[in-house]
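Both of the next two complexes hold chain A, though its partner changes from chain B to chain C.
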Partner chain A sequence: MFIVVGERINTSRKKVQEAVANKDIQYIKDDVTRQQAAGAHYIDVNAGARIGHEKEDMEWLLKIIQETVTIPLCLDSPDPEILEMAYGMVKDRPMINSISLEKERYEAMAPFLKGKDCNVVALCMDDTGMPKNFEDVIERAKRLVKGLEDIAIDRESIFIDPLIQPISVDTSKGIMAIDSVSGIMKELPGVHTICGLSNISYGLPQRKIINRTFLSLLMYAGLDAAIIDPLDDKIMAALKTTEMLMGNDDYCVKYLKGVRAGQIVF
Partner chain B sequence: MFIVVGERINTSRKKVQEAVANKDIQYIKDDVTRQQAAGAHYIDVNAGARIGHEKEDMEWLLKIIQETVTIPLCLDSPDPEILEMAYGMVKDRPMINSISLEKERYEAMAPFLKGKDCNVVALCMDDTGMPKNFEDVIERAKRLVKGLEDIAIDRESIFIDPLIQPISVDTSKGIMAIDSVSGIMKELPGVHTICGLSNISYGLPQRKIINRTFLSLLMYAGLDAAIIDPLDDKIMAALKTTEMLMGNDDYCVKYLKGVRAGQIVF
Partner chain C sequence: MADFQNIIDTLIEGDQEKLLSLAQSALDEGISAKEILEKGLMAGMDIVGEKMEAEDMFIPEVLMCARAMTAVINNLLKPLLAAGDVSAAGKVIIGTVKGDLHDIGKNLVAMMLESAGFEVYNLGADILPDKYVEEIKDKNADILCMSALLTTTMPMMKVTIDAVSEAGLRDQVKVMIGGAPVSQDFAEQIGADGYASDAGSAIRLAKEIMKR
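Up next is the complex of A and B:
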């Protein structure tokens, strides 16, 4: 099953920031209810945008969201202290977003993650920046998996993000990302792959068409999770259609249910 | 470069049949002009629907279309006598649509094709019907290529159609078609693959979403030609976006040109 992490609860989004500032509980409840109804498997919660308020904003958001949805949460912060608080608040096994190979981030996150019961998003980023090529991604993915397995995070709980880069900068970046996903799935059996999609279309017009077409190609390459907006009907239509075309929808039941719910739209 | 064969000039389509019956030259001219402008590389011409009139209809259509477009034609008939006439009428090297492994069709088409200067669509169909599985497709593709090479059609002129079957009947048919395309491209280097897409979605709602998503997956698998409607903006948007994502659009120029022309739409 392809895993959808709903990306909407992020205080860098204007309406979410306003809701947090105004303590608008109903706005948050409505948003996450709709994300779950649209097929999200996790609700990502990122409270980083109001500088100096991350901890209180995260706490406020988690309390409301926990009361509202029955799906688990993806705790999105670089700060282990905030993650420790958040981890203590959630009812279900969360996803932690994220660790990377950047020295400072790794050293902050590894002690927090050690022995925790959670899924982990692991970014192929180090102190030299984004990966340069396919080989670089595979080498970084292996280092991340080794490091996480050493602190008792099993492979099935690891979601490697190969980090998608803009095709407008270098037209080989689409194929590099696709090959990276299939390479990680092959070289590290049992591990998951996850992507945010929107970087691919940075700097180009009609970005949503690019993002949703890219999602189909990445799914074919083996991607099994994505951080997306589940209320974007068109990307969800691409996702459900691709799952069906890849033979992962017996009797086309999920697709047909999506059509009846008005979710498979142009 | 991905090859688009424009499928619109087919007398089984009501408006085309009316235009042919009424000798409406302008309708045909407008349609093929628009197909070329939208990016078609061939105009398929099928005059089979008015029983007893195929030869005269084909002749009438070819004359008009030849005067109107500068791209080559795809001569679509099972009748070698009609194809011989049509072949004599075209200015540019045509595509012939099609030969198959059905005994009667093969024996009619092979003598016509022998030594001709043309591309050929070759269907993986034999007298037992559609291929049952991946191995079946590959075996048939090899027989078709062997047979055509024996009559001096070189491999680079052969477009194998693996024959897409409805996913509503068997959910493995999507993967079978995708694997078939990559298998043919790998096992028979130099050969081309071509598909009509619409069979995949037979019996399901929102067929166009399925067809265009499937096109992206097939292109990733190696498909290099499709028989489609170039005036369907959404399938052309999927095509151009996929070409860009696969690194076949330097500086994203074709994509950006498509956006400016209003062709990259949801």
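Up next is the complex of A and C:
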């Protein structure tokens, strides 16, 4: 099953930041209720944008969201202290977003993750920057999996993010990402791959058509999770249709149900 | 009379072969390399910057124009340009702040500033405040450009500005900032002189700032 992580609860989004600043409980409740109804499997919660308020904002958001939805949360912060608090607050096994190979980040996150029962997003980023080519991504993915397995995070709980880079700057970046996903899935059996899609379309017009077409290509390459906006009807329609076309929807039941519910639109 | 308009239009189309041949013809007619550079290529890139800001042109097209311009400069004009022929529009130090490795947008800004006639020192990514300070001193820079793509590294912009002030260089350089989470409000909060949302507007801002 393809896993959808809903990206909307992020205080760098203007409306969410306003809701947090004004303690607008109803806004957050409505948003996450709609995300779950639209098919999200996790709600990502990022409270990092109001500098100096991350801890209180995260606590406030988690409390409301937990009362509202029945799906687990994706705790999105680089700060292990905030993650420790958040981890203690959630009912269901969360996803932690994220660890990377950047030395400072790795050394902060590894002790936090050790022995925790959670899924982990692991970014193919190290101190030299973004991966330059396919080989770079695979090498970094292997290092991440080895490091996480060493601290008792099992492979099935690891979601490798190969890091999507803008195709506007270098037209080989689309194929690099596609090859990276299939390479990771082949060479590290059991592991998951995840990504945010929107980087691919940076610097180009009509970004949404690029993002959702790219999602279909990546799914065929083996991508089994994505951080997206579940309230974007068209990307969700592309996702369900791709699942059906790939033979992951017996008798096309989910696709047809989606059409009847008005969820498959073009 | 050289047809600078044709050079400008061809640059905007990003047609490298045609641009090379037009520049060669202009040289054959006796037009100076300096004039071709300033009235043709740089004038064309100005328009490219404006079009980019207006979302009439997009990154791949801008890169194509820059590639065509660079080909003309490297293959035809460089050997003919005397030192001091072209006075820089200003000296710019540019880099992504400490802790942040994102460099795509920052490199675009560097490239566009360069094609607009600025002397650009691109320090790269993950740059310590002290490094910026050292380079500002060393290059006697007019403008400091900083980029941050993460909410967690944005505060480093303020730290860097403070370091520049402490080194007594704040009156010498204007500070421009950019990056996805950065805004005009944030620029004002941390005491930067300006914010640009894309490479096109960065050029306009840099030129405007040099006049202040």
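The rule we apply is simple: the second predicted complex is superposed on the first by the 266 of 266 C-alpha atoms of A that agree within 3 Å, B and C clash if a C-alpha of one lies under 4 Å from a C-alpha of the other, contacts with A are read in each partner's own complex, and residues count from 1 in each chain.
The working rule: contacts are C-beta pairs under 8 Å (C-beta built on N, C-alpha and C of every residue); 3 or more make two chains touch, one makes a residue touch a chain.
These figures come from a predicted structure and were not determined experimentally.
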First (chain B), second (chain C), both or neither touched by A:Val259: first
First (chain B), second (chain C), both or neither touched by A:Thr241: first
Partner chain in contact with A:Glu102 - chain B first, chain C second, else both or neither: second
Which of chain B and chain C A:Leu144 touches, first, second, both or neither: neither
Touched partner set for A:Gly129, first chain B, second chain C, both or neither: second
Partner chain in contact with A:Val20 - chain B first, chain C second, else both or neither: neither
Partner touching more residues of chain A, whether chain B or chain C: B
Contacts of A:Ala86 with chain B and chain C, given as first, second, both or neither: neither
Touching partner for A:Cys195 - first (chain B), second (chain C), both, neither: neither
Touching partner for A:Leu204 - first (chain B), second (chain C), both, neither: both
Doubly contacted residues of chain A, that is, touched by chain B and again by chain C: 168, 171, 204-205
Complex contacts: residues of chain B adjacent to chain A: 167-168, 171-172, 174-175, 178, 200, 204-206, 208-210, 213-214, 216-217, 220-221, 234, 237-238, 241-242, 244-247, 249-252, 255-256, 259, 264-266
Touching residues (chain side chain C, partner chain A) in the complex: 55, 58-60, 63, 99, 101-104, 108, 125-126, 151-152, 154-155, 181
Contact footprint of chain C on chain A as seen in their complex: 12, 48-49, 51, 78, 102, 104, 125, 127-130, 165-166, 168-169, 171, 202-205
